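Pasting the structures here.
Both complexes shown next keep chain A, but they swap its partner, so chain B is in the first and chain C is in the second.
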Partner chain A sequence: MTMIGMIAVIIYLVISPLIACLISGVDRVVTARMQGRKGPKLMQPWYDIVKLFAKEATSVNDMQKILVMAHCFFAIFSGAVFFAGGDILLVLFALTMAEVFLVLAAYSVNAAYSELGAQRELLQMMAYEPMTLLTAVGFYLSTGSFKVEDIIKTDIPLIIKMPGFFIGFCFILVIKMRKSPFDLATSHHAHQEVIKGLTGDLSGPVYGFSELAELYEEVLMLGIVGLFFVTSDPLSLAGAAAAIIIVMFCMSLTDNIFPRVKWEGMLKAAWIVTFFAGGANLVVLSLLNR
Partner chain B sequence: MPVLAFLILFPFAIAFILFFLKKDSKGRSFVVISGGLAELAGSVLFAADNLMNHDMEMGTYYLKETHMTDMFIAALELCLMLLVIFLSVKYKKYYVILLSALGTLPVLYMDISGAAETTASHFKVDHLTLIMVLVVGVVGSLICIYAVGYIRDYHHHHTEFTDRSGYFLSLLFVFLGAMMGLISSDNLMWMYFFWEITSVCSFLLIGYSRTAEAVNNSFRALWMNLLGGCGFMAAIVFCIYVMEITNISQLLLFTTMPVLAIFPVAMLSFAALTKSAQMPFSRWLLGAMVAPTPTSALLHSATMVKAGVYLLLRLSPVMYETYVGTMVTAIGGFTFFAASLLAITVSDGKKVLAYSTISNLGLITAAAGCGMAEAVWAGIMLLIFHAVTKSMMFMSVGAYENSTGSRDVEDMHGMIVRYPKLAFVMTIGIFGMSVVPMGMCVAKWAALKAFIDTGNIYLILFLCFGSASTLFYWIKWLGKIFSVSKGSKRHEDTVHGSEWVAIYPLSAIAVILCLVYPFISRFSVTPYIQNAFSGSLNRLVSAATADSLLGSTDNIVAISTEDFVIMGVMLICMCILPLAMKYVNSVQERRVMSYMSGFNTGDDRSFYDSFGNERGQYLSNWYMNDIFGEKKILAACLMITAAFLVVMMGICTMGGLFL
Partner chain C sequence: MRISKSPWLLHYDGSSCNGCDIEVLAATTPRFDVERFGIINTGNPRHADIFLCTGGVNSQNKDVVRQIYDQMPDPKVVLACGICACDGGIFKDCYNIMGGTDTVIPVDVYVPGCAVRPEALIDGVVKALKLLDEKAEKMKRGEYKSLTSAEYEAARRQDAAEEKNNA
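Let's look at the complex of A and B:
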């Protein structure tokens, strides 16, 4: 691990929750304004999570707590591998592992809403995983390496070589960022139990851990978005940040335009977009590599 | 030579003894267990001895002069055919006779006329053989040992079937011996002989219970495998009469007129596809589920289906950029994807395992068809990990069925409290099949890398979509195991000592393999690939491609050391989870009921409905039968693959015979 990688990991570990809270705070305000509301305070997500850790710890069974903690650990772990400049495929695999633990925690309580949520989460993973894997393949084909530290040494922003992957990745990012479809396992639109089922049986600090994991995961996802724009030129970091802001804005917009997309639609749409956008880009890239 | 002869002949001897020990007794258990352990020890010793004491560069050759043995084998082949004919007549399945005769008679003629006489060695042991010897010897023998306790319980529960357990155990050992012969034979005639034994043996094992369903399924397995056998026979006839060679190693190095090799390679691949239950031949493997579990474990993990992919991996170097290669990769890749979707829709535990087997074999097949060093590396690794993990999954599902009377995934609800030991083993197995620091996924990762480097776009897509659905069906199964109803109690399982003797070591091996696979790669997989690919590169491919193919062999481990270390950390973290659980729960927190909108009746087992009546809660997994159910997509998948196979075989035959 390089010195820069080490510093990046430390920064990631320390300030990710704050950044993610800020982003989602802004997002909530923007969404509210789009709908003609005032919206919560900017740092409301932060206050929420701090409060969770101050609450009484309760649990349904012995396994719940450790499974959620494992979820949190592996989510942070995968982000750390990413910012350390590690292998992007390994990052994605570790993230999958983290999700698996959350799903198991939901299964373990043996409650209808939790189990429903767990299966929706699994379905969601099935919907987005092909695209995340393909994105990693795309990075490899355009830079010759799976390692983040090599990928960022590129001379031109990779978005130029990988527009299809970018579109596909943004599409599934809507799912990963808990935006749309509205009946996602962990959607932020908590209309009813069916929707937040996955975490329905978590409370207090245990719920706090799952929220914390989500924050780190969000930063990791935005990091991958940034990877499409970062080059060996340090100035490109600013460009990447701008791109992330635009992507986030588009995502709020999408969420507001399609508030009634359901999971059946999600699976089909995600796989179709992955196949065409990702697949087409894959064909072009491998032809270029010949 | 003596050790190899022991490995092949000893199981037959044990089988012979067991055939006469019809009643369950201490003595019989002793014969099986000591026989299994001896075979296991023998295979480990054989592998260690060969690795340390022999120059394995080009493989070790055995047995040149075999006139008498050839005649003996011809006689046995005739017996096999007569047995098949007898049973076909008995159960009125006359079409099988035709296939059996078509596959056997030409070979018999070649034996008797002396056309197959050769001065080349009949056995060849190289690194790939050693890997297979270990897989068959360790996993296969443990399955035989497991069968002792299993079959006792099986007949205890199924009193409606005649107890023929001596015959059953005896067949398992015959299988073991035949596999050992198959993987060490270099002579095609001999390999074919062992190949046919496994076909007939699996047929007998599947039909063990003699119910109408079992008989039907066993004949389906038989005709599909005999059809493959006919392909094998065609390859032999062509090799002997046109190319004038008798051995696989000669076929791989056939430089006189490389184009000639296309036809036999296509025919052998066809045989391998049937044996490995690739679509459109996948249905025999699902039918094999009616048999007692040790059969499924043996057929699906260490032996039968692995014979097919073993042959494909052997032929891999000559498949590079040929129509045969295209056929094999496309069928394998498609099977991997389609079977993983189908696995989502079934709830019978053994059926999930069956589809998962077909799916994983598809990936190995696809890797073999690429014909590139990296892909073959991934294929061999997949083979090893799959054999170990899948066999322990089968055994624990079988043990669960004997304890509870059901092997349905839905009935495994809360298994982690009710049967903690079995649940623990199954958890290792499911993690082993589906998430990353564990073996299968690492090999899959290597396969992905190989497919990218070979530029196989459709394989990359199949792999990405297929692994997403693979994760879905495994984790929802694991979820069921973890889903604990309040107040569940631990139940006493009826798992016998002999079953644990097999299950525990395999789970340990499954975990340890994840840490030691770089050594396996260094000492056996990589040397094999270097030899195999450098030896056969002078044919069909240009010098430039040869360089690019070999260029990657030095750095063949697709996973870098750094990634390996990170995965090691992940694995350790997973292993300490059970311990961490004790620590985390050391401070007793307030327990709450699980959330049911506040309508719980006091626990999480029932709730008040809208009329205020108490109603039981039943939670079921998703099977999505309306999206990819067997009824919806299976027929279409089989038709597509069958049509594709016919077209491609047509092209290869035309190209091979008339060009």
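Let's look at the complex of A and C:
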């Protein structure tokens, strides 16, 4: 690991939760304004998570606690590998692993809504997993390496070579960040169809840990968005930040325009987008590489 | 940081005539934007801090009310909304009604009214927030643990027995 990688990891570990809270705070305010409301305070997600850790520590069983901790660990680990410049495949697999632990935690409590939530989470993974893997392949085809530290040494922003992958990735980001569809396992919408499903039986600090993992995950996902724009020129970081802001805004907008998408719709749409945007881009890239 | 910055509500309809429910729901719709205060209307007792109960408790749902209450992690506050939830109200003498919410779980704030007025409801929630902070403070010092519904039931029985003896 290079010196810069080490510093990046430390920064990631320390300030990710704050940054992610700020981002989701802005997102909640923007969403509220789109709906003609005032919305919560900017740092509301931070207050929420601090509160969760101040609550009584209860859990349905010990297994649940361990599994949620493992979920949190792997979510943080995958981000750390990414910001250290490691292998993007490892990042994605560790992230999947993290999700699987959360699903197991939900199954472990043997409760109806948790179980339903866990099933929906698995469907959700089925919807976005192909696209995340394709994105990794796309990075490989355009730079010849799976390593983030090599990928960022490119001279031109990768978005030029991988527009299809970018569209596909942004599409699944809406699912991955738990925005749409509304009936997903632990969607952010204030509806109660599956009573938060997956995280329905977590409470207090245990729930806090799963929220914390989500914050780290959010930073990682936005990092991958940034990867499409970063080049060897340090100035490109500013461009990447601007791109992330635009992507976040578009995500809020899509979420508000399609507030009642259901999981069947998600599955179909995600695969169609993956197939056409990701697939077409993949074909073009492999033809160019010949 | 105070816990009252992020109070998550849970609303349960006991045997209300729905008058109070409509008021409670109206107050938590986007139109009034309770998210301004960090309030989220959650449907999950395990995530909730404040329990809004409307209507009296009947012999069929008493266990539901107990279970919801017991699943909420400390610190928690219970609000009885409307006169039915306070003491049974107009349904008090019905064969199936046990009485107000406090016949099965400890209630912290009573909000009267038939139906409960939104202003009164907001007043009640503000009181509940103060209580929530106090409880959180005490909990930090290790001086507070809320009664479970079973302990509450036992205490009530004992009180009733003592009263009988005194009389």
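Throughout what follows, the second predicted complex is superposed on the first by the 288 of 290 C-alpha atoms of A that agree within 3 Å, B and C clash if a C-alpha of one lies under 4 Å from a C-alpha of the other, contacts with A are read in each partner's own complex, and residues count from 1 in each chain.
Here, contacts are C-beta pairs under 8 Å (C-beta built on N, C-alpha and C of every residue); 3 or more make two chains touch, one makes a residue touch a chain.
Not measured: the values here are computed from a predicted model.
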Tell me which of chain B and chain C touches more residues of chain A.
B
For A:39, is the partner it touches chain B (first), chain C (second), both, or none of the two (neither)?
second
Of the two partner chains, chain B (first) and chain C (second), which one does A:89 touch, if any: first, second, both, or neither?
first
What is the contact status of A:47 with respect to chain B (first) and chain C (second): first, second, both, or neither?
second
Who does A:196 touch here: chain B (first), chain C (second), both, or neither?
second
Which partner does A:56 contact after superposing on A: first (chain B), second (chain C), both, neither?
both
Chain B versus chain C as contact partner of A:75, first or second or both or neither
neither
Kindly list the residues of chain A that each of chain B and chain C touches, one partner per complex.
56-58, 200-201, 203
In the complex of these two chains, what residues of chain C are touching chain A?
1, 3, 5-6, 30, 33, 35-38, 40-44, 46-47, 49, 71, 73-75, 136, 139-140
Seen from chain A, its contact residues with chain C in the complex are 28, 32, 35, 37-41, 44, 47-48, 50-51, 54-58, 190, 192, 195-196, 200-204, 207
If you look only at chain B, which of its residues touch chain A in the complex?
413-414, 416, 434-437, 441, 445, 448, 452, 455, 457, 460-461, 463-465, 467-469, 471-472, 475-476, 478-480, 482-486, 560, 562-563, 566-567, 570, 573, 577, 580-581, 584-585, 589-597, 604, 617, 619, 621-622
Seen from chain A, its contact residues with chain B in the complex are 56-63, 65-66, 69-70, 73-74, 77, 81, 86-87, 89-90, 93-94, 96-97, 100, 103-104, 106-115, 118-119, 122-123, 125-127, 129-130, 133-134, 137, 140-141, 193, 200-201, 203, 271, 274-275, 279, 282-283, 286, 289-290
